[in-house]
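Each chain carries a letter (A, B, C and D) given by its place in the written order, and its residues are counted from 1.
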Amino acid sequence: MPIPTTIWLHGANEHEPAKSIYFRDQFVRQCHGWDWRMPVEFYEYRSQFLQRVTMMVLILAYAAVLCSFASGMLALLINQRTSVHALLERVPIQRGGRDWLDDCLTESRYPLRLKQAVFIVLGLSGLLAVLAGIAVLNSQSAFTDQIGLGLPWLPWHVRFDSLSGFFFLIVGIAVVAVSIYGPGYVEAYQEEKHPFAVLGLFTGLFVAGMLLVLLADDAFFFMIAWELMSVASYFLVAFQHENPANRRAAFLYLLMAEVGALAIILGFGVLASFADGLTFDALRQANLSTTWASIAFVLALLGFGMKAGIVPIHVWLPEAHPVAPSHISALMSGVMLKVAVYGLIRFCFDLLTDVHWQWGVVLLVLGTISALGGILYAMMQPNLKRLLAYSSVENIGIIFMVLGLAMIFMANGFPQLAALGLLAALFHAFNHALFKNLLFLGAGILQHQIHSLDIDCMGGLIKRMPQTSFLFLIGCMSISSLPLFNGFVSEWLAFQTALQVDVLDNGVLRSLIPVSAAALALTAALAAACFVKVFGMIFLGLPRSRHSEKAQEVDDKGMLLALKLLAGLCFFFGIFPTLIIAALNNVAKQLIGQTLPNDTLQSWMWLAPVSAQKASYSPILVLVGVLIACAFTFWYLRRNPDTKTMRRAATWDCGFGGLNARMQYSCSAFTMPFRRIFAKVWLIDEQIDKDMQGALDMDVSSIRYRLQVEDHCWPRLYQPIAHGINSAARLVGRIQTGNIRVYLGYSFVTLIIMLWVVSL
Amino acid sequence: MNWLLAIVQTLLFVALAPLLSGWLKWCKCHLQNRKAPSLLQPYRDLMKLIRKQPVVAEHASWIFTRSPYIIFSAMVLAASVVPLIAVDLPTAASADVIVLVGFFAFARFFLALAGLDIGTAFGGMGSSREMTISSLAEPAMLMAVFTLTMTASTTNLSLAIAHVLNEGLVLRPSFVFAMFALILVAIAETGRVPVDNPTTHLELTMIHEAMILEYSGRHLALIEWASQLKLMLYGVLIANIFWPWGIAQNFSIHALGYGLLAISGKLAALAVFLSISETLVAKMRLFRVQEYLSFAYLLGLLGMLSHIILEASR
Amino acid sequence: MIAAYLVLLIPFAGILFFAFDGHKQETGRLNVRFNAVTLAATVWLAVNVLNNGTILSSGKAFIIDSFNVYLIVLTAFIGLTTAIFSAPYMEHEKELGKLTERRLKLYYSMYQGFMLAMYLVLTTNNMGVMWVAMEGATLATVLLVSLYRTPESIEAAWKYFILCGVGIAQALFGTILLYYAAVQIGDGDNALLWSVLFDNARKLNPEILEIAFVFMLIGYGTKIGLVPLHNWLPDAHSEGPTPMSAVLSGLLLNDALYAVVRNKMLVDGATQGNMAGLLMMGFGMLSFLVAALFLHRQRDIKRLFSYSSIEHMGVMTFAFGMGGPLATFAALLHMTVHSLTKSAIFVTVGHASQLAGTQNMDRIRGLIKTQPRIGWGLLIGTVAIAGFPPFGVFTSEFLVLLATMHSYPWLAPLLLLGIGIAFAGLFRHIQPIVYGEQPEGQLPIKANLWPVMIHLALVLWLGLAIPDFLANWFSQATLLISGSMPL
Amino acid sequence: MNIEQQDFYTQAILSMAALVGLTSFLMLGQGRLLRLIFVFALQGLLLTLTTTLAAYSLNSPHLYISAMMTLILKVIFIPWMLRRQVVLMNMHRDVEALKNNTAVMLGGAGLMVFSYYVLHPIVQTSSAIMLNALAVSLSVVLLGMLLMISHRQAVAHVVGFMSIENGLFFAAIVATKGMPMVVELGVAFDVLVAAVLFGIFFFHIRTSIDSLDVDRMNRLHEVDQ
């Protein structure tokens, strides 16, 4: 009887499309043949199976959270060598283990071993998260549970469904990469200045917070997890606090995180005041008027958008992400923003049951602005990590854009297209997590080797650090969405979504969406330009500083391994996107009740989101084609042995001679055309002062050029608010004059007024 | 059979590309009262370059030496998805028009990197300008393409062309706008006058040439060939999308031959048009290119809007 | 019942002992022991109450119900931990030459005196005695505020004395009116007993009680530190010795609020309206917002946290005023977590200002570098008091917010605005203090941070999960105050 | 009902009330400290008489005790202490210039009316005399506060504070035939301690700012110069 196998394949719900092509025909027979005449024992089996799956999946998820906690706690032992030694004396271990332990616990080895242990546990939690995610995506059902914490009448509700599972996947992959990368990176910190205990503890809490946010199923628990995430990451941002700029960034970050959290609380509050209870199930039942729903939506957008960093409330992001240790920046920029996206999706598509197309338009416009603004700001940054942070703003903008499209289609009654949009957004979130982690970790390596993040100090590193440069190149290619890499696939899907605009009736939308799609194209092109600049300035040309002249390939294998892992995934999912699409179909199914027809027609090598007639893309074929063409030309052109070798010669210097590194194009030179074309976007402060000398002061002795490019949001949005609060405080301060008679006067007047009030 | 045909057509594409530029040069010379080189001159140049031993700048890395192959094969792949003489090719399904744009981006990415690799001022200058122009051109192009794909409701090129073909001669204002937008974009992307001058010898005005200044031997050959391919690709796109008539819909020899004739005729005409315009118009300053391209974008937008409002209004 | 008497007798013995025995090296430790014994007694009392409900002493002089018993335990606990902290602290102050033997003697006996007054306020059943005890608390602490004898401390003490004295006098007028109203309906002797009044509250004359409540609110409100009657509070907190600030913030304000709530229960019983509640809400919201703004202008670290105390008392007053089970529950919880957190913070602040040799926040820097425990204690404490989860303050503020959303939705944005402003005000000052490079001459000191750790651990625990007996306790109190159980 | 229909006790009480109110007014307008203290002692004396009268006519003996305490505290001890301070600081000659004294006086009169207005609900529950007595005592409390607000000398503040106490005490005696004994004792104890503390404070303040002018104690404030 084939049932068990089929169940195993199709998970809990036999009406799902299978993810394995091989069993499809059998599955179809099962669905349409004798499905409803299924023998009784099938259902019994299924229920047992379900229980088992429930336990397994939830245990995996919990284990992931616990491991991240454990790694944090473990990090606290960094200074407790003696006590740990005493403790371990007690536990009985046989010979070999004992020797090994003693070896680990020697004065010299202990810190290193402990750090390794911490990161191993962290990686374990990442691994478990990945497994849990895959498991829940496979068994296409939601597992709920309750933890006996929280309020007496409101224990923590846990719900682990496909959406959470997918984001578990994202978090897990990133955490694994980071924990491979970590040990090599943290060696650089000396203990007394930057205690590892702090770093390890809050890293663990940070990861745990993110995972708990994904698990939360009631507003209270959600907010606790959310704030745990924010606060832990705040401590990580402030980790290198000797630098005032970092402190300022950390404060700004925490402040905006707080404001955002308050907005989210208020949003939940609006829902809760129409529902009974705070569990998400109760909130789903809340039926509120369009006005209140829109208020809730705006609040949620403000809150989650602030965390996700959409323009104009993105200001904390480029400040905070660069100053954290690189693997933390990778987590923040690559994963935490996704958690915010998760929150928005959960709030809008799950809790607010009926969406309105106006919300979609808001998301679309905001997303477009963020995408363009993000990449344009990124282009002007000389600091690599700042640049990457701004490009995160851009990618988040793209994600919001596509979410907006999904909402619009949803509200206009095209659930399938909505599914397409949602899928594109989630896929892009996934990809961005991959390549942004890759790039941030790469930046970490550069900082580690060159002790600077200023792109203008680098150059020519491709010869010094061949592996890093290659992996970084892959990152750049996928982020600037070139074919064969994952970034392209999600943007392709985004374009496909936008192209379905013809089904809409509303003329405004029909003309707005293509324009924003064109803006998306502009964004992609600008991103390509930006990352050409990045790679070219860092790795190509001549070294611009002594550090980069003497730079060496990083010797720690783990750091490179992490990069290799991520780069490999970028490429892999660029070639086999269908794997992710299949997983995402479950999410779409759960949220919108629709899946793509993708796997109806195609096998694993084709990607045809709407229908083969409308659009199709087969990365694998393209890859094969490129390989063939490359190989053939390569072989054909170099078959002649005496012209095969290339002759090296001096670079053409127009006959002047003395070509040196300072004659190269620099960052600001490269982006000068953009600066002139989009001049309005920035606050540009450009100063050239010359020192004249010689007779009549005619000839220039030296020229200094200073360029400062600033965000518009500061003077327009933030300084007014800060100023307002300060002046309000000064006004209020007036009442406390310090004279006791005035104080007596206050209580006298208060008394009189109150008496008058009550005797009315 | 289809696959074979597709490959053959791709090869044909690659083979004919130098001829087109040769023809273009020929027309230009005659229009400017110069003595024209033979139509086969480009082939001779390529052969000569391929035979030579390449000389590479001392600081160049593998990016510099491998880019030509990548660029060339990207162009070949692009050629394989654009219907030249026949529609509904299997290759067209593997990559639609958006992927086509992706291929161009791919080639451009590596060309720009190669320009930066040697570490001269010119290389950087060329890459910077190239990226600027292309990033401005991309939205305009996408607008034009959208107009087409929304009309044909597909992004698969050969299906779109087949759609235009089957519905016969329909006067679509959107197509007029889209075509002009695409032509302007094509001129910008292929580095022709007035945006860039392929024959210039003054480094400061160079864009495309500045990037490949250091190339020689087979590398230069590949790059040249790739740019000729690009020119032809745009030509074929414009020709086959807006006047698809004559393209083969079944694979009979007679139909194919007819299709070959048709496309060469269209391309020849386009080349004449291009050479006339290049003779009449002078190259413009770099920072007026943005106006030029935004005008292209405007045209594309008008095309889109007229499609939405005039043609498919509900 | 013996437990209750013990709770009162031990501190009394303490007063006499410290007053006459004089100061020795181990006086600090003796003080700790006294408080420890009292804590034990209170726990015993609490167990009694939990087992067999409200205790009413013979002659009805004392009443212990679920509302005040947990406050009693809290008082004893904080008294103990603060005593633990104050022993080395005061020694160090003495070594610095800021204090003399006589003043230490005064300090310890007045410490016990203050505790006695607190216990009396909480346990007594007689509104008049409650007033007497409250005034007694002022008198006990006023000399401690001026313990350092600096001009500022004397000025602060004077203001504290005069303002609280005048305020409390109004409370006495309110009490007299209450008594007057009570005399109308019954016998003179028991007419001030809260239990009696509560039982026949319906018969009391509502108009008189409203007027009486106004006087009570203004009177005890001065002690709570409600704006605009708050002016004494920051001065007294900032100028007195730090253990004093800890107990003032942690206990005195709570007990004043306790008195107000007891009276509110009577008034609500009499006037079947919500006048009292509305007044309290108004004062609470005003204090909350104004104090949040004041936070931005502080130079002195203890002043800063005393303003944050005002802000939190505002929240509690608001919540109690809103009434209703959820709000009341939240207010009780907030009372607890605020006392714990704030006293912990004052302990760390004491150490911090001691090692920096100043209370001026512009001159304290890089605590984490100098003495990581103190730095982290201060930082974590601030995070907790600013209302970040998983600390208990978040839980209570969250519940207050929910209650507001339910009954007065248009006030919720104000509340959130205040929380945001207050948070910014705290962190803009604290962050530079704990982080960054340290100035010269800022050296580690001998500090006992166990109280801080214990308090913060408790607050964390309350944030993660409220233990059953405590939840049950709160629910009982909520039932008593608001008349119905929380959800 | 008019005063002539009242019994003698009530008439006496009412006249006492009038006198107490008058003394408050006198204090409010008083610029010389010694006279201020004297008037305060007078008020204490009136209070004592009232208490004894009440104790006699309501034959509640515990009121005698409180009368005694009042006599000792408010007529003898506190005035003596204050006077001593004044003489020590030799401020017994200088006159505190009160700004717009008449306005303060009118305000005081207004307060008296206001307290009647506030307390009028009590009428329904009891006789008008209660209302009058309570109203007078309330106005004494308010006038005491007004005194503290309008005077700059710490001594004057103490006098005001104590006169507030007097008002409360009067209310307790007249309206409610005295509070329960324990409360009475407690209050008296507090007053005593307060008086002692005031003594200590005068000493401290003098040593710190060598004057008793409270306006010069304004180091702690939130206003930025």
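Quick note on the criterion: a contact is a pair of C-beta atoms (placed from the backbone, for glycine too) under 8 Å apart; a residue touches a chain by one contact, two chains touch by 3 or more.
Just so it is clear, the model here is predicted, and its values are computed rather than measured.
The two chains most heavily joined by C-beta contacts are A-B. Distance between chain A and chain C, defined via averaged C-alpha coordinates, is recorded as 44 Å. Averaged Cα coordinates give chain B a centre that lies 79 Å from the centre of chain C.
Distance from the chain C centre to the chain D centre is 31 Å, each centre being the mean of its Cα atoms.
Computed centre separation for the pair chain A/chain B is 37 angstrom, with centres defined by C-alpha atoms. Each of residues 118, 121, 145, 148, 157, 214, 217-220, 222, 224 in chain D touches at least two other chains. Residue positions 730, 733, 735-736, 740, 744, 747, 751, 755, 759 of chain A are each in touch with at least two other chains. Each of the following residues of chain C touches two or more other chains: 158-159, 162, 166, 170, 211, 294, 297.
Counting only pairs that meet the touch rule, the chains in contact are A-B, A-C, A-D, C-D. By the touch rule above, chain A contacts chain D in their complex via residues 730, 733-741, 744-745, 747-748, 751-752, 755-756, 759. Contact residues on chain D toward chain C in their complex (touch as defined above): 118-119, 121-122, 125-126, 130, 134, 138, 141, 145, 148, 154, 157, 161, 164-165, 167-168, 171-172, 175-177, 179-180, 182-183, 186-187, 189-190, 193-194, 197, 200-201, 204-205, 208-209, 214, 217-220, 222, 224. Remark: chain C residues 126, 128-129, 131-132, 135-136, 139, 142-143, 146, 149-152, 154-159, 161-162, 165-166, 169-170, 172-173, 176-177, 179-181, 183-184, 188-189, 191-192, 205, 207-208, 211, 234-235, 238-239, 294, 297 touch chain D in the complex.
Chain D contributes residues 114, 117-118, 120-121, 142, 145-146, 148-150, 152, 157, 214-215, 217-224 to its touches with chain A in the complex.
The residues of chain C lying in touch with chain A in their complex are 158-159, 162-163, 166-167, 170, 210-211, 213-215, 217-218, 222, 228-229, 231-232, 275, 279, 290, 293-294, 296-297, 368, 372, 383, 386, 388-390, 394-395, 398-399, 401-402, 405-406, 409, 412-413, 416, 419-421, 423-425, 427-428, 431-432, 435-437, 463-466, 468, 471, 475, 486-487.
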